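Below is one structure, written out as structure tokens; the observations come after it.
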Amino acid sequence: MIRLITNAMGLEFKNPVLTASGTFGFGEEFSEIYDLSKLGGICSKGLTLRERQGNSGIRIWETPMGMINSIGLQNPGVDNFIKYELPRMKSYNTVIAVNLGGHCEEDYFEGIYKLNESDVDLIELNISCPNVKTGGMAFGVKSSVAYNIVSKVKRICKKPLMVKLSPNAESMSEMAIACEEAGADGISLINTIQAMAIDIKKRKPVFDNVYAGLSGPCVKPIALRMVHEAAKNVKIPICGLGGIMTTQDVIEFIMAGATLVQIGTANFIKPDAAIDIIDGLTEFMDREGIDSLDEIRGIV
Amino acid sequence: MIRLITNAMGLEFKNPVLTASGTFGFGEEFSEIYDLSKLGGICSKGLTLRERQGNSGIRIWETPMGMINSIGLQNPGVDNFIKYELPRMKSYNTVIAVNLGGHCEEDYFEGIYKLNESDVDLIELNISCPNVKTGGMAFGVKSSVAYNIVSKVKRICKKPLMVKLSPNAESMSEMAIACEEAGADGISLINTIQAMAIDIKKRKPVFDNVYAGLSGPCVKPIALRMVHEAAKNVKIPICGLGGIMTTQDVIEFIMAGATLVQIGTANFIKPDAAIDIIDGLTEFMDREGIDSLDEIRGIV
Amino acid sequence: MKVINSRIIENNLISNKIYKLKVEFAGSIIPGQFFMIKTLDNSFLLPRPISVHDFNQNELTFLYRTEGTGTTKISTMRENDLIQLFGPLGNGFDINELKCKTAIIGGGIGAAPLLYLSKVLGKNADVYLGYKNDVYMDDSFRKYAGNTVVCTEDGCIGEKGFVTDFIDYNNYDAVVTCGPEIMMNKIIESCREHNVKCFASLERRMACGMGVCLGCTVETKDGYKRACKDGPVFSADELRC
Amino acid sequence: MKVINSRIIENNLISNKIYKLKVEFAGSIIPGQFFMIKTLDNSFLLPRPISVHDFNQNELTFLYRTEGTGTTKISTMRENDLIQLFGPLGNGFDINELKCKTAIIGGGIGAAPLLYLSKVLGKNADVYLGYKNDVYMDDSFRKYAGNTVVCTEDGCIGEKGFVTDFIDYNNYDAVVTCGPEIMMNKIIESCREHNVKCFASLERRMACGMGVCLGCTVETKDGYKRACKDGPVFSADELRC
């Protein structure tokens, strides 16, 4: 297991496998299924400064080897998180990342100020949520806009800062470079891809918000390309995700240049998927005679 | 069947269902399976001015509910096409579209001059192929670049001109608008999405070209969103494609605003899929008591 | 709750489109709880929520209707095949609230989760089952319930009419229901009128089934709740309908 | 060629990971042709190319080894299930070129397409089968072939060694081969040395199987050809290896 220890962004992760924001709640439910200290880390459900109810109407839709969600950042807000969720999360004995979204610059700043004073290990700045009408993804499409918000956040942020990129960005390479130049300690990608579903009986969009976010195995080939593209363009560590279901998928992301990975939708498909994947990594290293994942990282 | 007749770009289509470029060759093989005159139209394999060998190495890779291809526009060139393929295609008694790619402006112009003098019904200008190193998709990413090439082509083109857009475009709405303003008679979308696969045993990308194009049911939710986005922004007719497998998929694209659709990867999965889909359209109209697809077009 | 690959003991068609699936399972289960079920192949992605129909001696029984891709695929599984189960999930019925005279009202396949409840409540609870025209599950209920009333819309079997026509709410202290929304709404309304406490088991599209994805929202008087974790059983008092 | 949903007559394990699939099919088939095969669910997307192993009286037989998702899924299909077939596809062997003394050389599962050929060629053709350690198909070949030589790498059954060690190319006017690339390359080389005409059946990843996608390229002296339509049988003279 020691072979899996991964250092990135000034933090030590027990292994490179984190669970992805919005697919793991705040960990409590999963702690009934397995020992969370086995994880490399946990990314919290996306938080906003203030509590949010989330979107009305249908929120989940299955697609061929994928799902579309329109949760709309339902969350208890930063204060409630720090008070009620974080203490329990810290007891899980793994790296705790807070996924922070925002509607405007001030929201991000205020959230950061509060989190600066908390026990959180890592901030994952969500500039990419496609499910909220204002802000959210708007920060994640144009690299100049992203550069602006990331550099401002970085100036005030006392925690390691990982920026979560949107696959809907105009250019993944430019976006990654912009975040690196703005001072991000790392980047994670991809968030969900903007998609749509139509209910032909009702002759209406399935989602009240019309567009929503696609995730799951169907997006993996796209996510892998984007991680590779980002990795070729920046030196900061990359946390790769998008459709990871198996250890083999993780290896692919690492070969494409990812330092860390996140498990998202797979947590729904097989709730102990992350543990299988971590176990599989050790087996893979044994089989291939590898002492450290550094030997294959970015090899492609 | 008369109810399915669709007029667009100055042409009459027997029905709104065409077969997509690169998935149907020049029709010959499929003519052994079914009567091609049943189709709304056929888009030829992507042509370039001069014959191309296409890419080396593996060209096909299966992914969850999708496939990645790296054919690299292997084709006989415009002259050979006009001489050897087009006469037979014209005998199929359906709308014949030529999919034309290019590496540089001059290639496109010369191709158009030759096709102007031919029997081709429609030109589908491919500014979006992700599988050739130079040109190809480069024209399809930035809307200003697309505007430039499309307006120049339009000036010399004597056939109806449909521009095939890339899902890798920076912004689908801006791209659609740029093509409309440049004078396109219609647009078709989406081409394949840039993706990647890694062979972890070889520790190498699967494709010699590293990145290649993703298609099939997995991309449908994304394609549908893009078609909807384009339809909300332009008045020219839209030909929607990307992952269509069933009549229900077609209805969704039409409700999202498509006038025509194309069947791509489905031709491989069930070679007579297009016929099933066309038959299904009639049944759908009967069931819903609809006289014309206009009643549902763009309803969402 | 746990994730296991469980062996199928039987998976048989028992009525039009209705299958009974029996699997091995050790653990304890509250009536009204459900499992997320998936085949081991990739013919569909999200597990499907299916309620516990019956449970005893390490045998867990589900009753499901084939609707779309997932349930149709599940119906092709055979004896000894393995199937992925995740559960038990959800709050289930609060038995303490039902130690009074209770009416259990099920509509169609919606009655599936009510059998195990009826078994636990015993003769104290009467059962009302409404069907379109195809009747199933009635014999199982008769074994446990006080009184069992069966009706069909066309009267082909049992009483003719909607199940809601045959209940005298004055006879009951509590009502439990699961079935089509329109039926449940009608029952909730009647219960409010008659001041009878009422519990309804709701259905929502689910991804995780365990409370983390926030995909299965139910609008309550306290804001959104999760059908999978705060439910699927809700007190009619909480519901906004 | 046609697309049909065909009824499965049998689909049985006949050796380690090797299945024999028999389906209903009416039509005519040239030895060496193949079908694109798919289950009717969506557990995988692209049909899988599988060669005709045998054909008679409306019964088409395939022999396949479970490799990954697709073949494993196909192996779970049972009698009377329907399966999607598209074919027959490919050029098949040119029987006229093989009306001389012919050696048929198969390696492992690669021998599958050679049985129907052997049946058509009859006693005029000898058969050489090489396996790692597990031998199958040998009895079927013995029925039709002139001489049948079986060998295994470890000698557990038949001769010990590689199949290529047991062929005297001087005895033959033509050689036909299908199996691992490294085996086929060696045979092609020997045939060139001995001036024996040689035909090899090649495998490539395929999407359409009918010549339209251009996904299955084979490098030949005349440039790229399509394994599915211009092949899968190629004359060694054309090949660049």
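Worth pointing out:
A, B, C and D are the chain letters, set down in written order, and residue numbers restart from 1 in every chain.
Following the convention adopted for this analysis, a contact is a pair of C-beta atoms (placed from the backbone, for glycine too) under 8 Å apart; a residue touches a chain by one contact, two chains touch by 3 or more.
Since the model is a prediction, treat every value here as computed from it, not as a measurement.
In summary, no chain was found to touch both chain A and chain C.
Comparing mean CA positions across the assembly, the chain most remote from chain A is D. With each centre defined as the average position of its C-alpha atoms, the distance from chain B to chain C rounds to 47 Å. Here the spacing of chain C and chain D, counted between their Cα centres, is 52 Å. Rounded to whole angstrom, the centroid-to-centroid distance between chain A and chain B, based on C-alpha atoms, equals 34 Å.
Residue positions 64-66, 216-217 of chain A are each in touch with at least two other chains.
Counting partners per residue, chain C has 42, 44 as the residues that reach two or more other chains.
Chain contacts in this assembly form a single closed ring in which each chain touches exactly two others. By the document's touch criterion, interfaces exist between A-B, A-C, B-D, C-D.
Across the complex, chain B meets chain D through its residues 22-25, 29-30, 32-33, 45, 53-54, 58-62, 65-67, 69, 71, 74, 216-217, 265, 267-272. The touching residues of chain D, counted against chain B in their complex, run 1-3, 38, 42, 44-47, 84, 86, 205-217, 223-224, 229. Against chain D, in their complex, chain C makes its touches with residues 41-44, 69, 73.
Within the complex formed with chain B, the chain A residues making contact are 63-66, 68, 141, 170-171, 193-198, 200, 203-205, 210-211, 214, 216-222, 224-225, 228, 243, 248, 251-252, 255-256, 296, 299-300.
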